[in-house]
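The letters A, B, C and D name the chains in turn, as written, and every chain counts its residues from 1.
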Amino acid sequence: MPPEEILAIRDLQAFYGGAHVLHGLTASIQSGATAVLGRNGMGKTTLCRALMGITPPRTQGSVRFGEAELIGSPPHRICRAGIGYVPQGRRLFRSLTTDEHLRMIDRGLSKRGRWTIDSVYELFPALAERRHVSGVLLSGGEQQMLAIGRALLTNPRLLIMDEPSEGLAPTVVERVVETCRTLLAEGISLLLVEQNLGVATALADRILIMLTGEVALETTAEALLADEAVQRRYLGVERATAG
Amino acid sequence: MASSDGQGNGGRAGATPDRLPAPFPSLAARLVGGGRTGTLVGLALLAIGASWVLYQVLQNGLGDTGNVPNFLIITLNALSLAGLFFLAASGLTLIFGLMKVVNMAHGSLYLLGGYVAWALTTAGVNWWLAVAVATLSAGVVGLLMEQAFLRWNLGQDLRQALITIAVSVILADQMLNYFGGTAQTITPPGELGASIGLGVYGLAYPTFRIFVIGAAVVVGGLLWLWIQRTRFGMIIRAGIDDGPMTSALGVNVPVVFAAAFFVGSCLAGLGGVFGGTVLALAPGQDISFLTSSIVVVIIGGMGSLGGTAVGALLLAFVEAYSQVYLPSGYAPYSMVVTFILVAAVLALKPTGLFGRAS
Amino acid sequence: MAEPIIRLRNLSKSFAGVHAVQSVDLEVAPGERRAVLGPNGAGKTTLFNLIAGAELPSGGSVELFGRDVTYLPAWRRTRLGLARTFQTSRVLAGLSVEDNLYLAALGAVGGHLRLVRNGRDRELRERARRTAERVALADRLGAPARDLSHGEQRQLEVGLAVAAEPRLMLLDEPAAGLSRAERQLLTQLLLSFERSLTLVIIEHDMDVALTVAERVTIMHYGKIVVEGTPAEIRADQRVHDIYLGRTNAA
Amino acid sequence: MIGSYLLARRAVLVAAAIAVALLPVLFSTYVTSAIALPTLWVGLCAASLTFLASYGGMVSLAQTGLFGVAGLLTATLSVEAGLDPWLAALIGVLAATGVGLLFGALASSSTGTYFLMITLALAEISYYLFSAVPAFGLHEGINGVFPPRVLGDPVLHPTTIYYFILALCAAVYLFLRYLVRTPFGIALQGVRDDPLRMTALGYNVRMHRTIAFAIGAAIAGVAGVLSAWTNTRISADSISLNVTISVLEAAVIGGLFRLEGAWVGAFALTILSIYGPAFSDRYATGIGAIFLAIVLLSPGGLVGLAAAVDGRLRGLLASRAVPDAMGPSPSPPAAGG
């Protein structure tokens, strides 16, 4: 399947009160996998929230997802338009069990595509065993599976994942990467926001690097892996300007 | 909100959460060390009160001439009062838990429900039908208020409280107009209007008050099932935990808010029907029940159904027992005991017994 | 070595089962410039909250200026000579810039309940105006803080710490949301502090952090992983791995 | 254009000031005792709420409870115990301040609507306590609570007491205006804006809020004494929640964020409740509707509205004046406007 543009971000501005966090970010996200890399505080999570319609931040500019304009739409419309969200820190509901996290998803959404409660449990058998456990008592890896699972139940065409590897042990990160590969093979596009260079380059060939609210560099996984200086400058403990 | 929420994003998406009560442990909580010691102090206060009541009850023996028969009646009175408090307060706490709105018109909806049922039964409508219509009309008025005024002011909690106060002023005056200033009582249906033998000490007790206790238990149980077992209940709990994330999963949160506001208002109306049957309907009852509901949730903790039940029981028992069992001559000071109850909770656990810091 | 300004012993904090800070031992010497770095969720802000008294620790102890302050309320620690800034600007929105800085100066010296103005207030106002000059807000003295731009609010946020004339200053991401020019101004300000002041800074902008700091502490998953000079830190493979996400073992 | 507007504006203000200063001379005894006196003491009680709300961020519904403590004690002590009215009043106000300290200590860890709820609960508990305890005699009310003889009869000869209360209101107003510029007052505004930041700056936030609450209680207590004196009686109705809501209405209608709004709102409310019934039995609905409209449309209340209209008018007139701006520049805004 040849890549096509799935998300067209044009001059996206985001503000928290008076703080201007995204400074006219423009990017074209193709179907398949794209990774956004950058250090903390560069606006990556703000980008996810802005795309998902969550306020704050306040946003301006344009984000087109197929026919739909996302800026100005509330999150539930954006979700219904076909975008799934796996937030940073998982954000499970502390009053809901594993099973309830899945059952609360609207039937209309879970019936519109391939993903059903059963198929999510098939994908993550570990969750099925713990279906009556409160979501917040799951292990870190299980929590991540649940966060992915409930997003899948909305049957998205594009999945926005904000630091899915954060706080997970290496073997678990490996499983998350495998899961993402499965989803890509199913035809779901991924927008992966990461600090983990390994995860990002393992999944995505197209890489965007963010620096203070803008895309500072568009590159490929291969090129980034080959250039240690760029890695340190944008991602590591190194000054970005003085060199 | 989750601590991971938008961390480290420049600007204001901070990791420093806005938790006012937590960083400022109350003086009393610090004196007794809060936590477990606070619980012990609370339990000790309760134990002292309970032993005093027991002593009063048992000092003249268990016989017919002793204090036990009276005690049983007072206890049933306390239970039916707790039932009323619970019915009135559960709607308030549901609305607050989800929307962070303190509905100061809650007492007006209570009174409205009562008056509608009174008007209907007086006109000869079947009592059960009148209950249903009264409950729904309180719900509809609450929903209209939410849609007309509150929806636009989400997050401005003080403004919302003032709006609901204004609405309660208007409703109170309109009810005075339509239903007059004299106290009215709803006549219970024939099957509930009599008294029922208790089978001990030859005591009888109004059937309707027993019915109120039962109704509170049933309504509480249904609410619990609704919140714990249905998809809508799951969405409500999710919305309380993390509204934006719930929305990002395709849930139209404003619609959920409206539905919850409707249900909460219905509960106020239902409470009014029972209150109007057991007690009376009169101008001022709106404020009185608003205050009771608020005291219940201050004690039990905002947004917790179990806390509301415990708060209703504590308040009703303290009110009923202190009027009878305070040393002779001190009965008029029974409100002091209520004050001590509220003050102790505020000093030891400002968020209420089962409340959690947001 | 002189008595450390900050000494943390086996300090821990957990929220609902999440160990935000785990068994941290840390010493900061008088006059030091220390940066605390690490990825998101490393526990840096929680560490600040524990030092400043905004949170009570689950275990361990906090000593400031040679005194155990583990259970001392935040406002008392300020009176000992501690000042902090917040990651999100917390300026007093309804008060003027001058009043903001005046309150910061007054807070550190006491007399908060005074119902008369006296000579001391003149000194404190003078100090407030001097501080405003240092943080480039001298021409905004009368403006309510809510009317300031984001950058100016960040300057005022730092000013609130400066005006208290503390012995120890904790800065939590002071450069967050600032433009490049504003970041340079901030760096200059931080470099201008006298040595009687000890500085601990959390900052993701390496241009700011590595210019100011003499020693760097790297946190990861609530623990201190490495401590050293900026050059040592840059050369440390573990740090490189953490920042590129190559080690995830908690 | 703008010059004549400013002149007219100043004329209105001066006329209002003269009307207030010479009210007993210019108007009938009825106007003085039935409109002016209630306006002054309701305004004073509302001012205690406005002070707490605008400078302390605490919207309290306990003000009438505290008002009741002072009014009741004064009435009981002077009527039943035959105490000198001044001494009775002093004890009443001190008691209200003490209860205010207690209430403030209990409520000061909460903010926003939770604070509103807690103060409502405390006020209602005090109300029921006062109504139930026979010693307070609230059930039938305490009659014959006359002010000190030197102030005269509040109904038949209200001139002296009018000036006394007017002076008291002016003193409280000036005191509060002064207070908010003292170290205590500025810090209180800091606490209003961000308690956590103030803690980090070295302030004991709870104590600050508690003391401010006690100051508000003292002012409400004075209003309570004045209410008992001017009505020559106090009863359960004087301290019920209806009165609490009236005071809140006065504060909000006048403008919850400006001290002078308290008296403006009290005046509007007094006029509405005296002349409203002549137009409609449902004047309370009208007051509720005005209250609702103010909350929804003009959070600054009447005073805020007037200031906005004034600003708009001046802007409009000034921009019209631009063509002949060669002449003398418009005079600066009237002092005290």
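Here is the rule we use: contacts are C-beta pairs under 8 Å (C-beta built on N, C-alpha and C of every residue); 3 or more make two chains touch, one makes a residue touch a chain.
All figures in this text were calculated on a predicted structure; none of them were measured in a lab.
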{"item": "Fewest touching-chain hops separating subunit C from subunit D", "value": "1"}
{"item": "Other chains in touch with both subunit B and subunit C", "value": "A, D"}
{"item": "B-D against A-C, pair bridged by the larger set of C-beta contacts", "value": "B-D"}
{"item": "Geometric centre: closest chain by C-alpha means", "value": "B"}
{"item": "Inter-chain centre distance, subunit A versus subunit D - centres from mean C-alpha coordinates, in Å", "value": "55"}
{"item": "Whole-Å separation of chain centres (CA-atom averages), subunit A against subunit C", "value": "32"}
{"item": "For subunit A paired with subunit B, centre-to-centre distance based on mean C-alpha positions, whole Å", "value": "42"}
{"item": "Touching two or more other chains - residue numbers and ranges from subunit B", "value": "3-4, 7-8, 10-13, 16, 23"}
{"item": "Contacts with 2+ other chains: residues of subunit D", "value": "196, 199, 205"}
{"item": "Where subunit C touches two or more other chains, by residue", "value": "40-41, 54, 74, 86, 90, 150, 173, 176-177, 204"}
{"item": "Subunit C-touching residues of subunit D, taken from the complex the two chains share", "value": "179, 181-184, 186-187, 189-190, 192-194, 196-205, 208, 211"}
{"item": "Complex contacts: residues of subunit C adjacent to subunit D", "value": "52, 54, 73-76, 78-79, 83-84, 86, 90-95, 99-100, 102-104, 106-108, 110-117, 121, 160, 164"}
{"item": "Subunit C contact footprint on subunit A (complex, rising order)", "value": "16-21, 39-42, 88-89, 136, 163, 165-170, 173, 194-199, 212, 231-232, 235-242"}
{"item": "Of subunit B, residues touching subunit A in the complex", "value": "2-13, 231, 234-235, 237-238, 240-242, 244-253"}
{"item": "For the subunit D and subunit B complex, residues of the former touching the latter", "value": "59, 105-107, 109-114, 116-118, 120-122, 124-125, 128-129, 132-134, 195-196, 199, 205-206, 240-242, 245, 248-249, 252, 281-282, 284-285, 287-289, 291-292, 295-296, 299"}
